[in-house]
Amino acid sequence: MAHPFETFRKRRTAGNEKVLDTENLAIKRFFALDKTVYGDGHLPARTKELLGLVASAVLRCNDCIDYHLEQCVQAGYRREEIEEAIGVALMVGGSIVIPHARHAAESLEYLLAGQEAG
Amino acid sequence: MAHPFETFRKRRTAGNEKVLDTENLAIKRFFALDKTVYGDGHLPARTKELLGLVASAVLRCNDCIDYHLEQCVQAGYRREEIEEAIGVALMVGGSIVIPHARHAAESLEYLLAGQEAG
Amino acid sequence: MAHPFETFRKRRTAGNEKVLDTENLAIKRFFALDKTVYGDGHLPARTKELLGLVASAVLRCNDCIDYHLEQCVQAGYRREEIEEAIGVALMVGGSIVIPHARHAAESLEYLLAGQEAG
Amino acid sequence: MAHPFETFRKRRTAGNEKVLDTENLAIKRFFALDKTVYGDGHLPARTKELLGLVASAVLRCNDCIDYHLEQCVQAGYRREEIEEAIGVALMVGGSIVIPHARHAAESLEYLLAGQEAG
Amino acid sequence: MAHPFETFRKRRTAGNEKVLDTENLAIKRFFALDKTVYGDGHLPARTKELLGLVASAVLRCNDCIDYHLEQCVQAGYRREEIEEAIGVALMVGGSIVIPHARHAAESLEYLLAGQEAG
Amino acid sequence: MAHPFETFRKRRTAGNEKVLDTENLAIKRFFALDKTVYGDGHLPARTKELLGLVASAVLRCNDCIDYHLEQCVQAGYRREEIEEAIGVALMVGGSIVIPHARHAAESLEYLLAGQEAG
């Protein structure tokens, strides 16, 4: 059986294709802008991914957490650093964020295992 | 295997029955009021369903999106119109709404296919 | 003394100028996209303003309510129609939206008085 | 100069009158239902007011906090009990609730002083 | 097949273990504080669990609802009382809370059946 | 007349004193934990302040924005860097965050002017 993170990846890719299979220019531009926001600038791209992770956690969106978590791991953040970011999100967002901290812990374990194996 | 939209329909019906199998008058009146709000008035019912769809999208509730999406399709909104409403929701609610735009795209595809076949 | 709506208008204009007095392209493009989303398309611009109003109400943002309320009044929506949209927002968002319904009622009164006088 | 709580009371009364000065039945019924929900039932009315206070705090609505805070004080809750309810709200809702805990502390001080004087 | 509530229990336990398998002191202290907040004090522990339930419902977190629901049932709240608390949550949080009221109704049925059998 | 940021500082200090003038240990520990979360660790304190700023912006809390903004300026973040963080918050949180971007721009201008003068 596929790991939940793999299922997320497939669902995300397929879903984005469906959303972007449209004549709607505003939606296409929204998605394009969403990419450029996280690029290198005055802040390095990796810092922005960490910002995206914490924003996703306090807004309690597992799909968004998974996406930014993977970007953070690829950008070289270590487990201890990511845990501190999640700690900030818990503090700001409260215990209602705990289920998402659980989700993040599972996804992080998977991503770090893949990195070691990779 | 049932399409996720069919699963939603069954879960919703069964769940509402459980919620309303109660002596609690406030809950019953809340559900009754929820129905009348979307009826024809100074604004046509179909406009209100579109309002309900966008409200559900920015509040990021997939079940609520599915419910209003079906009402919108039955009220005759075309795919292009619904996509523009989702575009407004993305703009107002931000990228955190994207997973719900993905969900809406899948549900909409199912509902439109059913309409063609119907 | 200025009406609160006038104060909002001035604060909004001055604030937007400050935000946009920047080299940051993402912010400029975000604001530009925010405008185009509400233009005429498959849905008329006025319907989109009503969607923006309800989205703003359920997300409980008075400044956003004021902005879309003015657009709705200029687009010709009558008081009765706007009240029905607010009614949908109350139903979807709950009593926590009531303080914003109060705010909207005050702003609407001001905008309609101005229209009559205008 | 009037205490902020007095200003709130006046703004609330005037605002509610404006909202309810309407032919819109859904809005009137919504307000009516909002009252009956907090009446005595299987749970005493005072417990429900405390529930309303905590719900208002985690949803971060100062007007709603003020309203339920006054009901709680009138229902006989002591400062220590209300502080524990606010403590639950802080824990569930996180540090983003702190500004509302500050607001609640100011309002509570005013309400308790009035009660002593009364 | 396991009841969804049993699945929740296992997922929750396993997830918390993963989150707490860390050197991060802030996260450990956050979890510890989260426990003490619900203990007996000026308000009885059971009242605080009911506050936690309503806070979870208006913030729309099914895992949090399930957790506090079980605590409430163990603390002796009867179905009618819990329904009134959910009624307050619906009123405050709006129809967007309905899917969570459905979830709560299913979980409550399971918990009460277990209690009778126990 | 005092700058709004000065008013915020005074209100915040006075409010926190009122909240912490209590026997309630949970509230005191919550505030203490809130401080330690932002200290140097695996991530530098300044990165955590930027995380706190973006979390505050997407959760739309002006007081929280002001607090973290001041910490960010004191930690040496330049205007361009802070604008990019706000850009991420706008993208994630949507146009509903715009009024808070306006607020942040005003506060930032004040803080940077003070720094130059300082």
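When the chains are written out, they are named A, B, C, D, E and F in that same order, and each has its own residue count from 1.
Here is the rule we use: a contact is a pair of C-beta atoms (placed from the backbone, for glycine too) under 8 Å apart; a residue touches a chain by one contact, two chains touch by 3 or more.
The model shown is predicted, which means the values in this text are computed figures rather than measured ones.
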Among A-F, A-E or D-E, the pair whose interface repeats that of C-F, with over half of its contact pairs matching by residue number, is A-E
Which one of the chains is farthest from chain F, going by Cα centres? B
How many Å are there between the centre of chain B and the centre of chain F, using C-alpha atoms for each centre? 37
For chain B and chain E, let me know how many angstrom lie between their CA-based centres, rounded off. 27
Roughly how many whole angstrom separate the Cα centroids of chain B and chain C? 23
In chain B, what residues contact two or more other chains? 26, 30, 33-34, 37, 55-56, 58-59, 64, 80, 83-84, 87, 90-93, 95-96
Counting only contacts in the complex, chain A reaches chain C at residues 25-26, 29-30, 33, 36-37
For a test of understanding, state which residues of chain B touch chain E in their complex under the given definition. 11-12, 15-16, 18-19, 22-24, 26-27, 30-31, 34, 55-56, 59, 61, 63-64
Using the touch definition up top, name the residues of chain F that touch chain B in the complex. 58, 90-97
Going by the contact rule at the top, pick out the chain B residues touching chain A in the complex. 60, 80, 83-84, 86-87, 90-91, 95-96, 98-99, 101-103, 105-106, 109
Tell me, which parts of chain F touch chain A in their complex? 33-34, 37-38, 41-43, 47-48, 50-52, 54-56, 58-59, 64, 78, 80-81, 83-85, 87-89, 91-93
